[in-house]
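Below, chain A partners chain B and then partners chain C, in two separate complexes.
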Partner chain A sequence: MNQRFLGLLGLGALFVAVSCRPPAPEIEPGEPTLRRLTEAQYVNSAHDLLGEDVFVPTGMEPDTRITGLLALGAGQTALSPRGVENFEAAAYALAEQAMEPGRAEALLPCSPSGTVDAACAEQFIEEFGRRAWRRPLTADEVGPLVDVATNAADVLESFEDGLEFAIASLLMAPHFLYRTELGEADPEGRWDRRFSGYEVASRLSFTLWNTTPDDELLDAAEAGDLDDDALLLAQVERLMADPRARAGLSAWISDMLHLADLDDLEKDPSTFVYVTDTLGQAARTETLMGFEALAFDDEGDLRELATSRRTFVDRELAALYDLSAPAREGFGEYVHPDESLRIGLLGQASFLALNSHPVSTSPTLRGKFLQEVLLCRTLPGPPADVDTSIPEPTEDAPTLRDRVLRHLEDPACAGCHEVMDPMGLGLENFDGIGRFRTHDEGALIDASGDLDGVDFDGPLSLAQAIHDNDDFAPCLVKTFVRYSGGRREVFGELEGLDWLSGEFAFRKHRLGPLVENLTLSPLFRQAGALDVDTEPDEGEAE
Partner chain B sequence: MRRLLLLAAVLLSACTAPDGPPVESALISTMGFAWEDEEGVSKGFDLDGQVTLEDGPTGCGIADFVHPDGTPGIDNSFAPILPALENVGGDALDPLVQESINAGELLLLIEMEELDDVTTDDCVNLHVQRAIGPPAIGTDGLILPGQTFEQDLDAPDSIVECATLTDGVLFAQPFNMRLPLNIFDEFVDFEMLDGILDMEFNDDGTYTGAFAGGVSTAELIDNVNGLDAIPEAIPELIETVMDVRADLAPTAGGNCSRISIAFQFEGVSAYVFPEEDE
Partner chain C sequence: MSILPSRRTVLRGLLAGSAVSVGLPILECTLGPNGRAFADGGLLPRRFGLFFWGNGMLPDRWNPTTSGEGDAWELSEQLAGLASVKDVINVITNMQVRMPNTIPHWTGTYGLLSGIIPIGEEGNHTCSGPTIDQIIAAELGGETIFRSIEAGARPGGGGGVSFNGPHSNNPAESSPTALFERIFGANFIEPGSDGQVDPKIALRRSVLDAVLDQSNDLRGRVGAADKARLDQHMDGIRDLELRLGRLEEDPPDLAACVLPDEPPPDETYATIRESHRVISDLLVMALACDQTRIFSNQLTHPIDNYLWPGTDRGHHQLTHDEPDPQPQVHEIVLQIVDDFRYFVEALRAVPEGDGTLLDNMAVLATSGISLGRTHSLDEFPLLTAGSCCGALKTNVHYRASSPENASKVILTMMRAMGMLVNSFGEGDAETTDTLSAIET
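So, the complex of A and B:
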């Protein structure tokens, strides 16, 4: 009885605690951006629309990273003439596959009565178009597409061949290639402008699944459900419970950590004997599987990305790390023992190899990445005419620590390198592709340093210092908001970001609550005016 | 200092089998015959405990070699045959062996159980067994250290109880092992009997060693005669030299029934997958 009473008391206390949380503050959102689908989003969307077995052309237009994220580049880079041609060719290639025997029957909602069947073509274009453009097509949009389909069918004497042209038109249209989430006047007066139900559906789907919305989400948008907090939350929960959320949100981590760059890993094979063509891909998989396990399986504290001893390795990575492979095929779970200096992201080949030179480690690159990506600090690049070369090892200065001291002795360099190099030097126990070492050029490695006044003596205490740093968790939040919104925050949103960070901390830094809090907040649903210029000063936004 | 670091590394990396003792494993990454370095000098071991002089009363009168470190009585009677084999076969022998290793056809795992210290240990149980490849090869063309291998449970293995470790050198005797060697694109079974293995733990985590033993001349001749794809002159050469080079296991008739063969090798650290439950 007493236990039951205490349980109820605890639940009551929890309810009071949760319900007493501060509401999301009012914000003044920045101008919405028009975002081109990233390559991954294009591929995922094409598969969702046409089937997993279609071949989706890639490499049409390279994704560009701006302010650290491809998601931001998607909203700021123009499409090249060559890219336009590539997308057009890709649209025709996809349309042709869509109307191949076997697949066409599955896609068509009706059986054409003959070579020319305008009604059936119209029904298909309306249904397929809604999914492709992530909103219903207007009559003015449907009509010309039906004309294209029926005229081509008449000439080519095939309903399906005619429909190919309509499908290609849909897939090369800006409405498909660009996410036109620009907002509308808020009919309920909650805010000046808001994202429409279809725009919220698109933002939700691309944020959580990295692909186009499914029919259920579009139906919810059509019914107005996404304007309602409770019904929106139900959709968020549905999307998060779907297996696609793992890959979808891994795309955020991949973007944040620049994991796509692992495809182009350049390492000197005479320096690093463990380099293979598959190392980059394996390293990316390790990092993303670790994220998925932490965020989804454990529903754990995302700061443990820096400190988790659990990881996932295949035989190749196990050999690189000099540990017993946990699985004969593919990846298996492995927990680094307490004695190991390999911990969290900072001990993974993905981070270590990406932030090194082709022939050596780079304390500067590693430190810069940690400062900019994990702590969201802005560091200026080196002056244009500065000599960035590091002296060759000598008897008096064998280790990289000895040699990068040059940066710190030069006042022109010291300002930034004092911030970057010590953190990077804390990881000198890992070589340029992440293999453990105790010596550099024959001398024992000194991996000590300090981060914001917190001393560390190597990778373990550095990882812990990052985990505990006041900027780490808010940086995760900020990056997620930027990734979701496709642009940098503006001054009028900073209070909202602070609130979201506070709630993230209150909810134990877990991904699920972060997603819920963001997607229900004005940061996700309130649209800024299209013509305002509210970019803050650099310092204010950072 | 380096010894201490190595010891720490071994203790850290030693994997503990479920309900079993700590195990340290090495994989032979390069291997070749022990050749006659210069006249009368070869690596190997004194397998019969005797120093045999040419035409002497022991060892069927086949003169023993002197080890490069000056140790007399080294039995490696196969060594002088190697140049002739290469001439007749038209190919270098050691690269063929190395090709087999890199291709995963000849992966030898040396598992050391109850290894408490990498400098001195008076009882280390040794288990030499085949592993299943292929191994990952580094950009230097050699097998990468630290890989995890599957045991080839169908292949013969070799167990030596209580091998000794002295000053960082493991010594195992008697050591019997059957290994198939690629000789001119055909595999020949060598069953080495009453052999010896030694292996030094190097500071960089690698191993250097040698093993040797006596191979039945009759069995060797039979095996070689059973091969189809080797040059015709090879079986004839083997049969001829076995008669005059056999130096171990004398019979009552005074002839020797085995020939001593020695190999040298280098090894790298490795791990072994636990046996799968049926």
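So, the complex of A and C:
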């Protein structure tokens, strides 16, 4: 009852906040897609199912970035034979730990009466299976798994050893490895198809926590609560209030900003004396702590990702940034002073180092990233068969700005480089790993340029120009919707995206309202039609 | 005193790159694609593999100026490092990948290896069909524990060159330790020993049967694109079932097969050249032990900004920015060629029948472009090694008199492997001709 009461409160809040607002428009959603769990989702789910102290294998199959997001790759790529092999081995590694003394007692809902106890195995498979597959198993699904368990128990002469094989089977099943949010005919007739309660639970949990639903969310699905606006909102509020939402939604930011690539930073230590093996990891922590503080502690305007002066650094980053470390150990809060040129994401080592070469900056890579990732613009790759060389520094033309001028002089290059290079050149005061500098090859850096007609001169005004740009906030919204849905938007959803962006702006670009508006809207709950009768073309899945 | 080395000694000899000589019963190559060999002293299988590196080369310094067979041609400046293996390789020049070069580095990679124009654009591209290694694996990979093995020195997803189909990549294992564990770890059965009778293997197969049934149920409820993905997944499960079945058979008794020592920990390699040599050694022994007959050995990704020893910028950046004559790019190509030399020598160091492992296989070495600066698909870098059981000549530099379709090289490889195919590639890349200049 308590939960329902909270839900009603939530509904009240919703009416107060949005009663004068336009309702979410009708949409025609795209076809749902199976999404393989990302590595982080697999690890988080395994811990949730078996305990924080189990060892979870990693590196089974790389996550692949498609259209800028690993979340979209998870919805398109197929598993390799090596991946199948690795997931099988991982399933047994987990199953073995599940049946270790101490853990087995906690997981088993019954005491086995002997080596073979089909009833106890069945009870376990039903309970554990519901958590692993994020929905109850059908009788047809439970039966063969009980057979696996009892047969193995018979051969191995141990109930627990036998059950390991059923657990492994559950954990290598497509129903665990893929999020099977495929939709159902809407029994209430609100839409043609909707995501079922269990599917909504899964969508909520993976979007907000980046892991499998907890028991309370599955119980809410079972009770039909997630088909109800007010009770759904109550669950959204519960999930958002839980500390897991911080790491969960940081996964969105991490995916959007390609922070996973910081594990493979390639920097020349003789050029960059501040580079260390742990720089990438520290830089990722800085960016994500900044996001968490802005989005959760301050409940602030997400556009301040570009302009916030407050950040979090450890001793390593403090040395790189040439400031006194705010904390003796770990990360501490630091506010860049007015005279500093370090601001928001544009002043952070994560973005600056990722979008640079191993020995130098790259105005082109930085500009391309800002255009594509923060403003959601599509830039074609360089045309083939074009001479891409740039001149070496000379006395007359020492800086990178002088040298990449040739991008703008050649009309074949200028079309794209005009929008990329100036933004990147605005950040030339930060070297290839993000250390501040005033000179390049002995010449003073000129960091002026313009973004869509707005002049800037250096990182501060460039960051402000991005913050104010009409495409920035809608780009955050679009990326979030793609991330949560695992696919690109289709034409029939564009109006819904526009509406969501409008509400995002109205609610001062705060994360909480964005999450609530999305998760209660058809963009999140209405399912598109499935083309189930078409057989795939041989060799061409697209 | 005994002159026969212990197995460990044999391995150390191999790892040092020196030849070892252990007698084997005289065997013959299989005539067709499906012969099972070894265990009963029968026929030897043919093997195929790719050796791939990213960012191309410098055609003007790569192409030999003389052509022909044997002494009629001499190695070029960039290929001079192959002198010790000149008699077992071929150089093929003036070939082009015939398709619109819309995705630099990837059009050439996917286009050459699959013969089809890739799908998508930069940031969202994939190979349109299976690559040559997987096409051959579909015919020949079913006899061994591993249908194919993909390995490469560079970590990071998305850079593997072996594809089963669109968005279906076979990631390259970049950790020597993980590669060792996979091939020679707990599941490895020493040659000549009895097959494993561990009852858990049969149980694992029954679990895979259950998972296949579950997958089939799901398959009926998803859209066409997801069906194709699940089909791929289910192929992988069936593949694994077959592999488990092989664990219960007696392994082939191969004199040249020795269990390698565990490689040094991953973090101890100073450069990818060091880890790549260990990976190459492990692949060689995987072939010698008949754990697989198909592989890809990837030095770097199609686009790769690795900071090579002796250079001051990343490889990709250098190919674009360094002024002519690109001395640092040249220096990198020499290192790549040397790494290929190492691999070829290691394959040749394994005795097999009355020849060597290399005699019973074909290796195709290539990149995703030729001249890096312009992402050129002309003058494509193409090398082969091994005579593939006598199907291929060696010590040939074939230079086409006018630019020819690079698909011909792929078709030649398929034919050399005993596949009965008449054409390869689609559209402008289609060919029905092989390169008779390197065929026997």
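Things to note:
One rule holds for everything that comes next: the second predicted complex is superposed on the first by the 513 of 542 C-alpha atoms of A that agree within 3 Å, B and C clash if a C-alpha of one lies under 4 Å from a C-alpha of the other, contacts with A are read in each partner's own complex, and residues count from 1 in each chain.
Operating definition for what follows: a contact is a pair of C-beta atoms (placed from the backbone, for glycine too) under 8 Å apart; a residue touches a chain by one contact, two chains touch by 3 or more.
Computed from a predicted structure; not experimentally measured.
After superposition onto chain A, partners chain B and chain C are found to sit side by side with no clash. For chain A, the partner that touches more of its residues is C, with chain B and chain C as the two candidates. Once the two complexes are laid over each other on the shared chain, residue contacts for A:R328 go to chain B alone; chain C is not touched.
Of the two partner chains, chain C is the only one touched by A:V155; chain B is not.
Note on the superposed arrangement: chain B and chain C approach each other to a least C-alpha distance of 14 Å.
The touching residues of chain B, counted against chain A in their complex, run 5, 12-13, 15, 136, 138-140, 142, 144-148, 150, 269, 271-273.
Put simply, chain A touches chain B in their complex at residues 269-270, 272-276, 315-316, 318-325, 328, 337, 339-340, 438. Residues 100-104, 107, 119, 121-124, 128-130, 147-148, 150, 155-158, 164-171, 173, 175, 178, 182, 199-200, 202-204, 206-208, 210-211, 213-215, 217-218, 220-233, 235-237, 239-240, 243, 305-307, 312-314, 317, 320-323, 373-377 of chain C touch chain A in their complex.
Residues of chain A touching chain C in their complex: 31-34, 59, 61-68, 76-85, 88, 92, 141, 144-145, 148, 151-152, 155-156, 165, 168-169, 172-175, 178, 180, 182, 261, 264, 266, 268, 271, 357-360, 362, 372, 380-382, 384-392, 530-532, 534-537, 539-542.
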